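In what follows, structures are represented as structure tokens.
The following pair of complexes shares a single chain, chain A, combined with chain B in the former and chain C in the latter.
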Partner chain A sequence: MNVRSQISMMFHLDKCIGCHTCSIACKNIWTDRKGTEYMWFNNVETKPGTGYPTKWEDQDSYNGGWEKKNGKLRLKSTGRGRIIPNIFHNPNLPSMDDYYEPWTYDYQNLFNAPEGDDQPTAKPISMVTGEYIDIESGPNWDDDLSGSPIYGENDPNIDGLTDQEREQLFAIQRLVFFYFPRICNHCSNPACVASCPSGALYKRGEDGIVLIDQNRCRGWRSCVSACPYKKTYFNWSTGKSEKCLLCFPRIETGQAPACFHSCVGRIRYLGVVLYDADRIEEVANLPQEELIDGQRSMILDPHDPQVIAEARKSGIHESTIKAAQNSPVYKFVKTWKLALPPHIEYRTLPMLFYVPPMSPVISSFDGKTVDGTSEDLFHDISDSRVPMKFLGNLFGAGYTGKVEYALRKQKAVRWYRRAITVGDVDMATAERILLEADCSVEEAEEIYKLTSLCTVEDRFVIPPSHREEAIEALQDPMTRKQEAGFGFTAGPRRGM
Partner chain B sequence: MKRIIGNQLTSGKRTLFDRSLFLLKSPLKTITFFMLFGLILGYGSPAQSQDIAQTFKQNCSSCHWIGGGRLIGPDLKNVSQRKDRDWHVRFILDPKAMIDSGDPYAKKIFAEAKNVLMLKVPGMTAKLANDLLDFIEAESKLDSSQFAGKKVALGPFSAEDAAKGLELFTGRTKLENNAPGCINCHTVNSVGGSLGGRLGPDLTQVVARLQGRTAITSWLSAPPTATMKSQFQNKPLNEQEIKSLVAYFESSANNDRYNFDSSIIWIAVIFCGFGGSLFGLILFSGIWGKRFRAVRHPLVKLSKIRGES
Partner chain C sequence: MSSPFSNLEQLLYGILPYVAMFVFFLVTIIRYRVHTFSYSSLSSQFLENQFHFWGVVPFHYGIIVILTGHLVAFLIPSQLLAWNGVPWRLYVLELSALIFAFLTLTGLVNLMVRRKKYSKILEVTTKTDWLLLFLLLLQVSAGIYVAITYRWGSSWFATSMSPYLWSLVKLNPDISYVIGMPWMVKLHIINAFVIIGFFPFTRLVHVLVVPNPYLWRKTQVVRWYRDRQISRSSV
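Up next is the complex of A and B:
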């Protein structure tokens, strides 16, 4: 057993209102520089939809992530032999059109326009060419509903849906959708790290944050094509790639990352999980249907004395072990089995988990009116407007079992709370539903508290980073004594 | 050199030390300096009679003998009796201009040489021409001039000689004094289909053009043209090599096998070029044809097509 600690994340999609505050908080801190105009380390997608970049989940086009070949894992995008015919260009990169052409507006025109018959307008200007453009797409184009008939239909998660379910989806795209906020998953088997020819990407030992060393990056862009979530980006100005850094300067000072901190719906949870690094390869190699269970078994119980002893042996600090014991993510993922990894079939073992969203009952359309009534308020989850298969493609590696389990448990907790607060449901029924959903009364109470009444301390359990210990392992921390500075004195730029 | 002491700019007077550094600072300038110095020394010395003989050997002897009979050009024995000194000097300075001017004697000797034009010697001056004419006059008075013509043993050429000549021509056998191989600039009968060089003239009929074995042998022993001279002045061909080459030239002049119009080969080369490019393009499209180009754009296009139909 090789115990490592990881700052892990959980997004409660049932609470997300799609306000994009997280994206803006991130943008203002990290990607408002030259060369990063098009980057969104955090973005919020509308599902069903094609996302950003367009159809990033379609790995037949982008070749991201890992694949099993002759029983062994290999990167889909590149490899020692496969790089040779493509040595002069990287064939799997999204084009700028697939992200979007970043733009601003000609605000000056509002003040300086000559007097005329009409109100002056601020025309959009491309931030790439500086010319006036017609906006064709944006980072949350699906949300703007500007092109959903095109984009919603092409969501890769629709694969495998029956015709009836597809028809249902046409209704969804008009009547219901849910939000899917995305940041870097800080995977335990990161494809980006594996693909980098310069060895510039690394997974930080003490907290598992995946970072790009700006001094070592040579702009090969292998990480951009290898990451199946398309969460590394190439900065055309500095010639280096950049990615979400989980606001590590904030984490190191005990603050939640900007997107977590600013989240209006309080959907984001952050906490340490301990996992067994020796099992990464074995787990990533499991058959698709066993991946989620495999990853859960890789995450270790921080209360187990043996795990604690092994963690100490690996040099994990006492305070980190304590944080792991209080981790809300551990509870959602392992104890309650509510949170699921996105697209674990890419085999990168993402360490960001999602609680799948509830959705209204299927409404029937008789040609004139939409009938959305149901006999009971908390309808059976299989009647949800979002087909289980769709959620299964997104969070269950193509299988619906885990998603249904999570949704059923959420529903049971709602029944239980309704029995207490409203009283129109009798407690015996509520308890029966809880039992069916594999949930005890205590557990339901705890889920309710951590979902609805959670404080900042409940949501973000950030251990002291003990950066000094991490530095000590590599260099003498006293070399920085009596020096002042903020890391970079000169920003990253092109060239060696 | 300006010096700043405190915040005051002081005078820019150069010290001896500064000047002596000049040579160290700029090695290129130093080398140029010494080279110029050497040139000035070298030009000072007067031309000796030994030098003029050398000049004659290098520039004239490949086409002219003194008392040995006609080579490519006429025998120069007692040449001064044929025309006056002024005419000769003018002819030496620019033979072509003389012939073009319509001078009857110049035209006559041009015709006698089967229209092989006498070369304008680079760096020729009136003084040097006079010196050469003096030298020829002096040599003419001797019983046997050193330039009366070397009797080259030109026995019948064997097929082996010709084969050896081909080896030398193509550069498969290195020339003894490391001169560049003929094929770099010349061709003979397309040299077995390999075309050969196009920089210099085609040498297929060279023996006939230079009027016989003796003349070409003499020509090759000290090639007079500017290009050839620069290559062979210090790396002359030896007798055996000349013999082999002449044998080769003679044999190939009568060889019909490769004596075809080389434009056929050029057409073949162009066709192969096009064919090769086409093959390359097909190969590339096979390897990279299915490469990833765009995602969003095709979606929009497809939906537009569907919308229209």
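Up next is the complex of A and C:
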């Protein structure tokens, strides 16, 4: 056993209101520079929808992530031998058109336009070339457009849905959608790291944050095509790739990343999970239907004395072990099995998990009205307007079982709380539904508290990073204090 | 003692190579140490993904083969002459070299056209890029002209150019090999040294950081901030 700690994340989709505050917080801190205008380390997608970059989940065309070939794991894009002939022209690189061309407006025209019969307009100008452009796409271009034939129906996740399910998803006036906020998953088997010919990408040993060493990146662009979530971006100005850094300067000072901190719906949770790094390759190589269970078993119980002993042996700090024991992410992922990894079939073992969203119940199916008073207490889960198959494609590696389990439990907790606070459900029914959802009363209380009444300290359990000890090991802290500079002193400019 | 060569000839063939190599090593090393960030391929594929292929791929495949050919002729001239001793082998070598030279030229011209044609690419093009492209164009064109006009270059390179280059390496430049050459060959030589001297100031430095360790390194890279051995014992 090789215990490693990871700052892991959980997004509670049932609470997301799609306000994009996270995106703006991130944008203002990290990607407001030249060359990064089009990048959104954090973005919020409407599902069903095509997403950003357009149809990023369609790995038949983007070729991101890993694939099993003859029982072995290999990169779908350009790993090892295949990078050499392809390094000049990366065959799987998305271009700016797959994202959008950033623009601003010619506001001066509002002041300088000669007098005329019409109001002057501020024409859009490309932020790349400075020329006037026709805007064809932009950030959140398909926001809330799930019912549209261009966006909703082109979502790669509707693969395998029956015609009835499709109809139910897109029926005018009854269409349904939910929000899907995305940041880098800081995977435990990152395809971007594995693909980098320069070895510029790395996973930090202490907290598992995946970063790009800007001084080692040579702009070979492999990470951009290898990441199946398209969360590494190519800076067209500096010629280097950039990605979400989980606001590590904030994490190291005990603060939650900007997108977490600013989240209006308080959907975001952050905490340590301990996992067995020796099992990464084995788990990533499991058959598709076993991937979720495999990843869950790779995540270790921080209360288990043997795990604690092994963690200490691996140099994991006491405070980190303690943080792992209090981790909200651990509870949602492993104890309650409510949170699921996105598209784990890409085999990167993402360390960001999602609680799947509940959705309204369908009122008609196959032309007939659905009876709302079924004996089956969970009929509204299987009859929810977002078909289970769709959620299964997103969060269940194509299988619906784990998603259904998470939704049933959520529903059971709701009924149980309803029995207590509203009283229109009798406690006997509530307890029966809890039992059927594999949830005890205590567990329901805990889920309820951590979902609805959580404070900042409940949501973000960040261990100290103990940088001072790391310095002590190599250098006298006082000397360090006098000698350490300010990091980069030159701006990230293109070329020499 | 009077030299049989003019000062200009001495300068171009006897001194320029050393200046070029000196600048090459000095600037690449300083640049790597002071401004590592600037070592990048500066790819523009992200901004234009289609025509890119027709420029970059023929150029790189062409130039790599051609430069390897020059290197082989420089390193093992006698073996090369032995190979060329049989006519059909000479023809095969010369013809394939010419094909790759034209591949290089095609790629280079496409790259220049691409830089001019697409406004997004023009935006990330500097004066240095243009100067470099024109120097390369001059070099490749001169090379092709020489290959076609003065036949069996692979053989006379081995007998005349290789000794000249070796004399440079041995710090005892014998420029008599060069003096009798046609002016186009001279241009090719001088321009080669100009490009070597200009190299460290351009995007060409990406050649020096080609990712060879990739094939041998572990798949995943993990960096530890803390020394794990020390922190283990302190716990």
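Keep in mind that, in the parts below, the second predicted complex is superposed on the first by the 434 of 496 C-alpha atoms of A that agree within 3 Å, B and C clash if a C-alpha of one lies under 4 Å from a C-alpha of the other, contacts with A are read in each partner's own complex, and residues count from 1 in each chain.
Rule of thumb we're sticking to: contacts are C-beta pairs under 8 Å (C-beta built on N, C-alpha and C of every residue); 3 or more make two chains touch, one makes a residue touch a chain.
Being a predicted model, the structure only gives us computed values, none of them experimental.
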| message | Contacts for A:464 in the overlay, against chain B (first) and chain C (second): which applies, first, second, both or neither? | response | neither
| message | Let me test your reading of the model: by the given contact rule, A:401 touches which partner, first (chain B), second (chain C), both or neither? | response | neither
| message | Just to be sure I read the superposition right, which of the two partners does A:206 touch: chain B = first, chain C = second, or both, or neither? | response | second
| task | Look at A:62 in the shared chain and tell me whether it touches chain B only, chain C only, both, or neither; answer first, second, both or neither. | result | first
| message | Quick check for you: in the superposed arrangement, does A:53 touch first (chain B), second (chain C), both or neither? | response | first
| So which one touches more of the residues on chain A, chain B or chain C? | C
| request: Please work out whether A:150 is in contact with chain B alone, chain C alone, both, or neither, and reply first, second, both or neither. | output: first
| query | For A:92, is the partner it touches chain B (first), chain C (second), both, or none of the two (neither)? | reply | first
| request: State which residues of chain A lie in both footprints, the one left by chain B and the one left by chain C. | output: 93-95, 97
| field | Of all residues in chain A, those that touch chain C in their complex | value | 80-81, 83, 87-90, 93-97, 126, 128-131, 189-190, 193-194, 196-199, 201-206, 214-221, 224, 234, 236-240, 280, 312-315, 317-318, 466-467, 469-470, 473-474, 488, 490, 492-496
| remark: chain B residues touching chain A in their complex are 287-288, 291-297, 299-300, 303
| message | Per the contact definition, I'd like the list of chain C residues that touch chain A in the complex. | response | 31, 35-49, 52-53, 56-57, 60-61, 119-120, 122-124, 126, 128, 201-203, 206, 209, 211, 213-215, 217, 219-232, 234-235
| said: Please output the residues of chain A touching chain B within their complex, sorted ascending. | reply: 50, 53-55, 58, 61-63, 85-86, 91-95, 97-98, 136-137, 147, 149-151, 153-154
